[in-house]
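In the two assemblies presented below, chain A is common to both, partnered first by chain B and then by chain C.
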Partner chain A sequence: MHKLMVPFGPAHPALPEPVYLKLFLDGEEIEDVDFSVGYNHKGIEKALEETDYFKNVFLSGRICGICSSAHSTCYTLGVEKLLNIEIPDKAKFIRVIVSELERLHSHLLWLGLLGHEMGFDTLFMLAFREREYVLESLELITGKRVVHDINMIGGVRRDLSHEIMVKLVKNLEILEGKVEYLRKLVRKDSLIRRRTLRIGKLDKRDVEELCLVGPVARASGVLYDIRRADKYLAYDDLNFKIVTQKKGDASARTLVRVREMLESLRLARLAIAFIEPGPIKVKPFLIFPEKEVISRVEAPRGELIYYIRSNGTDKPARVKIRTPTYANLISLKKILVGHTLADVPVAVASLDPCLSCTDRVTIVKNGKEKIIKWEDLHDHEHH
Partner chain B sequence: MELKEELNLIGKIYREEEKEVWSIVPYKKIRDVIEDVFLSRINRISSISGYDNGKEIEVIYHFVKDNSLINIKVLVPKKLNKIETITDLFPGAFLLERELSEMLGIKIIGHPKPGKLFLPENWKGKPPLRKG
Partner chain C sequence: MLHVIVDDYGDDLKIAEKIRKYCQRKSPWIFHFDTGSCNGCDIELLAAMSPKYDFERFGCLLKGSPRHADIFLVTGPVTRKCKDRLVNLYEQIPEPKVVIAMGACAVSKGIFQNAYGVCGPLDKIIPVDVYISGCPAKPEAIIDGIRKGVEILTRKSG
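Moving on, here comes the complex of A and B:
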């Protein structure tokens, strides 16, 4: 039988980030999918091995521009486990506030992009307008809008003053109303419903079989969240609730993310209320024992896991990072097969793929396929 | 039998913490361990890490069981340089095994789609995460 192969990406107007999909079509219907990644190589895992533990906090924060503090939180949690230090309570709450605000900005950005994919640009404008409140709040706390760099080994870098907290609470109150409006919009708007219902269906068994994580898994009724499983930072004190939906289609994934935003707002407000005066960091004892540790956090896209191996020097011997999008990419085939070509952008977007997280391994190459060594890269920076 | 007891029978648990079990399993038994002991009791595979310790390649499988992590380590001798796939048991290992294979230069026997994942197809250099 004659089949048509349609290349989709790596640079495509409907894809905000580079992934190359090979779609095998029979008429309009997708019969098979193949994909390839690797267009965003930054060589960070190798670079982490060649930089000391303290600089690595900032390097890990630069793996992804959206979930920057999820990466640096996971890395610092791992190193703190290695050094066997417990950070002060205030630092824990500040980390929670930044993580939850980051989840809010990530989900709002995603909702905007979903609106854009389905040709509903008003939703894009709305989501990005509300996201501005989140970025403003993050700037108040950390001094930066996007890559926050609030974490350090042993605590956080900036204290939260009373004035900032007052402003923050005000911003969060405004946001609550805005997000509630978006939730109603997502539930009731006929355009969003028609473009997302029954698209990219994954049932609970598929999720368990393919080992999927995060909002994608929770939208299919899997009750799993690292904030509950690991109870890291202060999530145990905050009485965190897991948000799930049952249907497992793009519409359920949208609802899970929008409802998670409301939960994040609640957590952030509660964390602010719990903060008591006290130190924000402890001075770590600077001997790195030979050990291997693993740390996990719930990034906006799901479980992020770091394996850190120390060989007793001031640099890690190995850092292996498994990002949530990397785990979820495998479901592309299941999501797309049986749908028409026109549904591809919405179905792919419903996974919330973040490819700068996924493509973070090994060595950087330029257009002529010459390998740039880490040292050369360093020199390059100074010229 | 308890999972930990069985692991201690086949291999050895070398570290145990709250919500974490670290064990080492003989190279030849890894596939049997995962098929017989793990398949029915584990929620999912979370990650596979690889590390070149000079003599061997250490491959560490990180499995999720409810709220805890079970880490299984295998030492792959550099002379043999190959390990059996587990993608047929856990489809979630599909990309993880391909990455392990290209970054540390281990052959994965029986992988449904071997080949480069992140590296360019015409990559000629040594595996990037091999030491020395």
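Moving on, here comes the complex of A and C:
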């Protein structure tokens, strides 16, 4: 029998996004967890079907503001596969640079939030201070700080001039020192270590059974990275290490992410060195064949999959998106059971959940699940 | 200031009222609620708190509870599941309060015009005082919006 149920969320100070956790406690210890998401469900997959392929690039970029270019890269890769076009090399490298900088900003943001959850607000401020360098660089390349909108079908929208590259390299050099400092901090600081060590342990078998992805999987010793597995864009030409750890607890996940930041920095600099003058886009041939495609990228939080089916018109017939947090959230029970209530924010944060892309819809009426037809879904708004 | 001794209870209240107004003007506390935004706006709000922009120098603080707040800052196009909670939170904020709609989503549903799960924009559901445009709004714009919000707050509290 459960002794006490503590609701956590949906608008909880420790969680930036709405998620509703039900924690069943025995004294201080968590015995069982239930969670409900869906507060952010907007119905983007359906909206993607009502807009044409070109405008969808922007919509897919707004599925998640933190991994915006991962989404739009994945979407454009899919459509390019559908149209059977090969984008110019320069465009590939620019996409790599933006993706890696995005990973950097996402991980820094995450580190800041982890610090905040631990009550270590100085770390939050430190991480956010360094993050501004990344955002500055992204603004230089794409013109925007957060939702970048650099991708288009057939290439990228903005060229990278020589002056920008010089500034960029300078920014990245400054950043390298700062991130290195953060890495040392995370490894040595006793407060961070004590709050993260042995919290939310997932071993290799759990990861394989639950099909977890991204840094969470790599922190448990699973060597899985789509950049290596799929070799999309220019990752085939670039030499990089996949960071893994063995322990599988929150501290291992922290270390994986921090070391991944250094790796991303190196990758971005390498990609800049590889850039040669040339075109940045090709004009696509605008006939959409009836076909299905799947594309995958490594978003900051893990594997992101887009499935696109075309019916020959200028709008996709179906777009299905599988986001990394959707895959990872399932491990919530595993990582929380057995810990105390005070560890919940850190354990949840160590997964790096990003819910705006995860929320799905289930319509429950009279306690029963109801299945409604795809066509009726839109009318549901007016009920 | 708090130890001013007055005989008349009425005067005491007046002073307390004065202090409240002064604090509200000098240190508005903000409660942020995400009604289904893409997170772009939320992280820009965090960036506005970070050392580079630092809106805390205006006395602003992000607070976790609506009961402590003066300014209600809302991002996102208001999803159907969030709607009731939004109204609930709005009612919990003590008067006088200012509502800020941040980002193209909250202002006009933005890019999510034909998504079925969206029932915004925000001003269809609760009264809005300040609109901050941009997708996402830049930290400079956020600070400007909050400053305008404080002006309205001062006017509202008389």
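Quick notes on this one:
Here is the rule we go by: the second predicted complex is superposed on the first by the 357 of 383 C-alpha atoms of A that agree within 3 Å, B and C clash if a C-alpha of one lies under 4 Å from a C-alpha of the other, contacts with A are read in each partner's own complex, and residues count from 1 in each chain.
Here is the rule we go by: a residue touches a chain if its C-beta (ideal position, glycine included) is under 8 Å from a C-beta of that chain, and two chains touch if they have at least 3 such contacts.
The structure displayed is predicted, hence computed values, not measured ones.
Upon superposition of the two complexes on chain A, no clash is found between chain B and chain C, which fit side by side. Vertex at the C-alpha centre of chain A, arms toward the centres of chain B and chain C: the angle is 120 degrees, rounded to a multiple of 10.
In the superposed pair of complexes, A:Val147 makes contact with chain C only, with no contact to chain B.
Look at A:Tyr307: by the touch rule set out above, it reaches chain B but stays clear of chain C.
Within the superposed three-chain model, A:Lys46 lies in touch with chain B and with chain C [touch as defined at top]. Looking at the shared chain after the overlay, A:Leu210 reaches chain B, while chain C stays out of its contact range.
After overlaying the two complexes on the shared chain, residue contacts for A:Gly38 are found with chain B and with chain C alike. Once chain A of one complex is fitted onto chain A of the other, the partner contacts of A:Ile335 are absent, as it touches neither chain B nor chain C. Of the two partner chains placed by superposition, only chain B is touched by A:Ile294; chain C is not. Put simply, chain B and chain C get as close as 7 Å, counting only Cα atoms, in the superposed view.
38, 41, 46, 359, 361 are the residues of chain A that lie in the contact sets of both chain B and chain C, per the superposition on chain A.
Note for the complex: chain B touches chain A at residues 19-20, 22, 43-47, 49-51, 60, 62, 66-67, 69, 71, 90-96, 99, 103, 116-120, 122, 125, 128-129.
By the touch rule above, chain A contacts chain B in their complex via residues 36-38, 41, 45-46, 208-212, 224, 228-230, 292, 294, 296, 303, 305, 307, 309, 317-318, 320, 322, 326-327, 329-330, 359, 361-363, 365, 369, 371. Put simply, chain C touches chain A in their complex at residues 33-34, 36-44, 46-47, 49-52, 63-65, 76-77, 79-82, 85, 89, 110-119, 135-136, 138.
Listed in rising order, the residues of chain A touching chain C in the complex are 10-14, 16-18, 38-44, 46-47, 50-51, 58-59, 62-66, 68, 109, 112, 125, 128-129, 131-132, 135, 145-147, 354, 356, 359, 361, 377-378, 380-381.
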